[in-house]
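Quick notes on the structure that follows.
Each chain gets a letter, A, B, C, D, E, F, G and H, in the order it is written, and its residues are counted from 1.
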Amino acid sequence: MLLKNYDRIVFAGDSVTDMGSTNPVGEGLFDNLGQSYVRRVDNVLGALLPQYRFRVTNSGISGNTSRDLLERFDRDVISLKPDVVSIMIGINDVWRQFDTPAAFDNQVMPGEYEQNLREMITKAKACARAVVLMTPYYMEINPEDAMRARMDQYGEICRQLAKEYELPFVDLQQVFNDYFRTIDEGGNYTHHSTYIAWDRIHPNQVGATLIAKAFLEACGLKLRLTEK
Amino acid sequence: MLLKNYDRIVFAGDSVTDMGSTNPVGEGLFDNLGQSYVRRVDNVLGALLPQYRFRVTNSGISGNTSRDLLERFDRDVISLKPDVVSIMIGINDVWRQFDTPAAFDNQVMPGEYEQNLREMITKAKACARAVVLMTPYYMEINPEDAMRARMDQYGEICRQLAKEYELPFVDLQQVFNDYFRTIDEGGNYTHHSTYIAWDRIHPNQVGATLIAKAFLEACGLKLRLTEK
Amino acid sequence: MLLKNYDRIVFAGDSVTDMGSTNPVGEGLFDNLGQSYVRRVDNVLGALLPQYRFRVTNSGISGNTSRDLLERFDRDVISLKPDVVSIMIGINDVWRQFDTPAAFDNQVMPGEYEQNLREMITKAKACARAVVLMTPYYMEINPEDAMRARMDQYGEICRQLAKEYELPFVDLQQVFNDYFRTIDEGGNYTHHSTYIAWDRIHPNQVGATLIAKAFLEACGLKLRLTEK
Amino acid sequence: MLLKNYDRIVFAGDSVTDMGSTNPVGEGLFDNLGQSYVRRVDNVLGALLPQYRFRVTNSGISGNTSRDLLERFDRDVISLKPDVVSIMIGINDVWRQFDTPAAFDNQVMPGEYEQNLREMITKAKACARAVVLMTPYYMEINPEDAMRARMDQYGEICRQLAKEYELPFVDLQQVFNDYFRTIDEGGNYTHHSTYIAWDRIHPNQVGATLIAKAFLEACGLKLRLTEK
Amino acid sequence: MLLKNYDRIVFAGDSVTDMGSTNPVGEGLFDNLGQSYVRRVDNVLGALLPQYRFRVTNSGISGNTSRDLLERFDRDVISLKPDVVSIMIGINDVWRQFDTPAAFDNQVMPGEYEQNLREMITKAKACARAVVLMTPYYMEINPEDAMRARMDQYGEICRQLAKEYELPFVDLQQVFNDYFRTIDEGGNYTHHSTYIAWDRIHPNQVGATLIAKAFLEACGLKLRLTEK
Amino acid sequence: MLLKNYDRIVFAGDSVTDMGSTNPVGEGLFDNLGQSYVRRVDNVLGALLPQYRFRVTNSGISGNTSRDLLERFDRDVISLKPDVVSIMIGINDVWRQFDTPAAFDNQVMPGEYEQNLREMITKAKACARAVVLMTPYYMEINPEDAMRARMDQYGEICRQLAKEYELPFVDLQQVFNDYFRTIDEGGNYTHHSTYIAWDRIHPNQVGATLIAKAFLEACGLKLRLTEK
Amino acid sequence: MLLKNYDRIVFAGDSVTDMGSTNPVGEGLFDNLGQSYVRRVDNVLGALLPQYRFRVTNSGISGNTSRDLLERFDRDVISLKPDVVSIMIGINDVWRQFDTPAAFDNQVMPGEYEQNLREMITKAKACARAVVLMTPYYMEINPEDAMRARMDQYGEICRQLAKEYELPFVDLQQVFNDYFRTIDEGGNYTHHSTYIAWDRIHPNQVGATLIAKAFLEACGLKLRLTEK
Amino acid sequence: MLLKNYDRIVFAGDSVTDMGSTNPVGEGLFDNLGQSYVRRVDNVLGALLPQYRFRVTNSGISGNTSRDLLERFDRDVISLKPDVVSIMIGINDVWRQFDTPAAFDNQVMPGEYEQNLREMITKAKACARAVVLMTPYYMEINPEDAMRARMDQYGEICRQLAKEYELPFVDLQQVFNDYFRTIDEGGNYTHHSTYIAWDRIHPNQVGATLIAKAFLEACGLKLRLTEK
């Protein structure tokens, strides 16, 4: 298992990470952690691995692109002296190219995205024992959808960087693709994207649990619900 | 497994069940389900058993004693035509004996408690395929604490009724006792009640996950987080 | 032109019609009309056909299925003595089959949908000079997406009924399909669904203007922006 | 047509321009653009010219006189690097002379008004491809009304400056005069100022559509609603 | 003087009378009386005629037409056993003909207006010692403005009824006409309607003081501010 | 008359002056002037002397002692270039000696009070054409009440300074004494302090009108309500 | 001591009793008891007589006269089956005669007051073991003040009824008179009414503690703070 | 008695001291003092020792550890020039070790706690006539509970420092232990911790009165409620 007792785990990201957490950094009592996959990770670690104690910190801020996250990375991630860092960024880099197509300065192109990620990985590796990288995603099963196709490019950049830096890696696009391809006994797909996300981006708590499960798996932990 | 595809599972209870759910009955989209163990059950079923579809309904109302719950049981549980009913009630029956000791009419004594439970079980069994009973609890490890001792009496009544009616049964007092007795490698207890509850009654999401895990176990499902 | 001076035009529908209008029925001063396509219709009629006076009424209520709308049709549409009635319903009939797949009683199947629509058309025709029918839609360009495919079935029911009752008809699915297929000089698609809707259902004001334009066209009025 | 693909169009003005937009500058998603004629321009461009992409920015702030606007012109207009600038200012310069007649320092006299406008035009021309000038107005059909007469003086200054600098020009006073002189088939005026404005200044959305239409016409685009 | 010690004076009307008063009837402590001319009357009676005690009651409700007022006249006026009744109604009867010209059922035509007023006067005379009638008005100095011309018709109906029933009468249109025709030493008009009303209908406190002064004059009391 | 056309009149004071006005300085449109005697002065000047235009400014702030007012006098009074300044201060200097008797540093003793007033008068005289001084007061008719007796001392200091600097002077204590001594025809006192003030300090609008009347009288203007 | 273990003590009254308590009846957890003398009684009983358990209930409602209280006495006092009833009413009966002198129907004259009290005493005696009567008061030390003189009349009625019915009796007017006559070592009065009440009626918590102390004394309990 | 006339008493602490007081320092009118034991001290001093005047100041801030309090001690305690200082701190130093066990930097260990207290005592003694020290506590009667045991260590540090510096000392843990051991006539414990605290830390007003009583006793004042 990648995690050790008393580890501080800092999750850097955008609104998918944030989900109502205290900004810029939330942790500890009350609802400071927000309701995203970060809270799901904290829940199952606290309940199912009671022999350990972890410190889970949410450094997600809604609307962030990789450019925004890089700008605050020292303050909101590095200065917290994390043992483990998780980075999941890029959705807004792509989204702004489609929802406000003429506002170029809010969009982050692949070249800059790769450069931003690279800087963050370098900083994180210099201070943390482990760095986990998760891809951006779009809950669209049609790979020819323009925004899905674009998002896949950014996911591919993640994959290459994870390989280059030898990081635990989560392909979230694949996680959701698989989920939407689950079939019931009759052979029908059981769940459409509307079951776990309002807008194909922001997961509800079921969707957040899927991300948490994938993150934990990258840490060498398997979350399962099985018949006894 | 006790649960079947498309089952409607209705959770009857007090504030531990309610936790911000829509009143009198909450389910479906948005945060209608609240943030209690009911939501935790819904999360892991949706994420970890994707080949099934369940309908999870929260019929908890804050402050309810067994007397209050019985009074609304037809409207908020039976009329929903549930396939599975979960009942967790009694904390307020006991609590009022201690926080407002001279206000007798808000307190429910053991005799009435047993009678109320019995009526609810009978009603539920008549319409649902399965009825799960969970004990009230007090997150106090000292069995000589007056309120803990009193709560144990009510838990015992649950146990007897579960036996008599042959119901899947959850001893939540034991769940919490065990949790607080977890030790780390150094042999020290890892978690105090303040880690999962503000007031030794209302669990945070980690505590709610413990209850969810215990409920699922009574349904024949084991929730685990293990090293691969 | 289908519209006459002093006509009262009543729009029946769900949240796409409602968009913050006064419930159950909104019209006249302030923001009572809401911000949906109904307000867009009112805007361009008032500004661009100043020689006429119309009374535009919004009878949309968020979350309505065809079953809900039928139940309140007498009160919120017929009793207003409309000259023209517009009906756009069915999105929630389909949506609930995907976002809460186990909650059957909130879902409306094709047979009932057709029957509900038929009753509303009959009532409306009995009191109004004209009845306009608009299809439900899903801003998904992939016809194999499960929810889009299902929505197309409901749209087809609309088309058949419009033909049978000889009603002015708007195929909104086609309107959006065409919009997303618009190409720029370089041959690229100019607009993705995220440009006009957060969740592929609820249009922003640009999207609402597209619906308004299509409605007006069904009334024999062409809204255009052209170089002089 | 004066507008080109990907143009950034910045609208400078007072509350007639602002109408709930994000201050000091609003654009893009949600309701940041406000509900004024700026939103109407964005709506029809987005819906009716889908082959283009424009970036529409609202730099209106409620209560501004030409003095206030000049003071923030560099920050809220020039620094945004606009392709097209629209200026509509002066209503408050005049209004304060009538609603608070003894508070001289909130009033802007014609000499200063001309000077303020001249400075803004010069700045805007230096950075933008096109500058559109719109007159202030008062929705009063009686030219002898003291405030209308005064407003006409300021409108005349606009006209002279537009001529001198060869700017596309909109006489909004004339737009409203014409609107209120529209007659129906019986020869009666169809619409009184109360139909489109609460206070003869702030247009509702119908009134805002009239301004949008006039702005677009100055850009070489004709908005029409015609029988097919 | 028409008023006697301990008189209860009830003011019936619309938003000009209401202005934030408790609905349906406001009087006594705190701000129950609202901020309209009714409060101005109460202020000057209490401060300048301290040897008397009066009970001033506000029965104005925003948006009321004469039809609405008649409907609640028994409950909100007659049942209070007033000594003096003041009636000022009709502005909304006319206004709705201009701001929502196609919504006929919210408009009250002259014939019905006269009939409504007649019924209220008859009821009031039967229970009160005195009934004061005040005309509706529009703060527009141009008598050819369509809404002003229409309002004058309703004012004329008031005048005729006041004559027929021999009631103390206030021509508020004349009060405002005179006010806007006041000239300073240089022969210029000193005040435009924007000085006392945002929308030519709802007076600020200066405007409300003008109405109060006129009401008191009809009661035989002259409010003056003079050099010693 | 002390006032001239276009005069700016600035009222400096505490909560009796403030009463909801915009802080630190309120004037002009909406309710910026608050609801105190300052608004009453503005009302009657605007309504009853329409041939003049005045600019009335409220520089009162709740809770101010003479020490607090002196500290902000340059910013909130002198820098406004007033033509006429009114000063009414001292109530809190005394009140704090009684409601929080051990908190010495919030209390202002007579020596400092005189010095504070003297400085403000000197500053005001240097920039304004006229300075009006009004005494603090306590609506207590019993001169032996400890707080009333203390307030009288402060009032006497005002009187002496007004004499020394030859300022128009208002003895507000006398104004209220007289008001509470008004008798009706039967020889009984008509009004108790509870009729015009909740706490014997903060006047309601009737009480504020008494202060306004007294202020105007010091300016050579008599406000009267008389039988014709 | 008049009180016995497990007694339910119900306090009937007006705003002096209510002070933010839950209406119509408040008790138990949170701030349901409000912040009046009732809460002070509960505090010192709970803290200083820990060997007993009492149930303290607040049946005060702001603004109540004796007429209002009588009307709800069965519902809010008798039906609660109290062991001890405390009645303190009459302040508003008197106050309305002074703050709204012409609104006769809100005032309760001495004859009716006596009758109302008599009925409540009779009802209370029939169900409770003890009934405590407390006088209304006015924190005015001048007995010639008109409202104080009037209040003394009502207090005298209380005294006579307490004597007639042999009730434990509290003369609150005397309690406050004594308090304001307390002198320090220098022979000066230490506290003015403004120290314990904003408006000479509503006590702050210090004033409420004085009432609580007096109530407890009538119950045979002495609250003291003494040097050891 | 330790207290003298006109003493300023400053209470430094955490949320138990704060309870809604104005931050950082609250005193005087309205609810600035909050609702904690500080307000209870103020109540009984003001009501039961009326011959004295005291100035009571609340310098408690929710969530403070001894580290936080030390950091603001100069600003919030010393600069106020207190005559008497009360210090009650340490609960959060301990609590954070249990509710967020992995967040070390929010926890204060015994060594630092002693040092922090020592610095505060030294500062306070240098400026105040008396310094009162109160222990932190946990309303848990089981001394083997991990958090109670830990709290006892911190209480012991207090005791040692009080001895070393010869300070009036309050053992609050003992106060609560005794309270929960009170027995009724039947020999049963009368009150459980839930009667005076929601979470075994934050006392309600009854619990706050217990602390106030203990504080006053350390000052040589005995608060008693006794049969006459």
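The rule is simple: contacts are C-beta pairs under 8 Å (C-beta built on N, C-alpha and C of every residue); 3 or more make two chains touch, one makes a residue touch a chain.
Keep in mind the model is a prediction, meaning the values are calculated, not measured.
Chains that count as touching both chain E and chain F, per the definition above, are D, G. Contacts with chain C and chain G are shared by B, E. Of the chain pairs listed in A-B, A-H or B-C, the one whose interface repeats that of E-F (more than half of its contact pairs identical by residue number) is A-B.
If you average the Cα atoms of chain C and of chain D, the two centres end up 32 Å apart.
Separating the centre of chain C from that of chain H, both taken as means of CA atoms, is a distance of 65 Å. For the pair chain A and chain C, the distance between mean C-alpha positions equals 37 Å.
Chain contacts: chain C has residues 53, 99-101, 190-191, 195 touching two or more partner chains. Here the touching chains pair up as A-B, A-C, A-D, A-H, B-C, B-G, B-H, C-D, C-E, D-E, D-F, E-F, E-G, F-G, F-H, G-H. Partner chain D is touched in their complex by these residues of chain F: 6-8, 27-29, 53-55. The residues of chain F lying in touch with chain H in their complex are 99-103, 106. Partner chain F is touched in their complex by these residues of chain G: 95, 98-101, 141-142, 144-147, 189-192, 194-195, 198-200.
Of all residues in chain E, those touching chain F in their complex are 1, 5, 39-40, 42-53, 179, 182-185, 190-191, 195-196, 205-210, 213, 216-217, 220-228.
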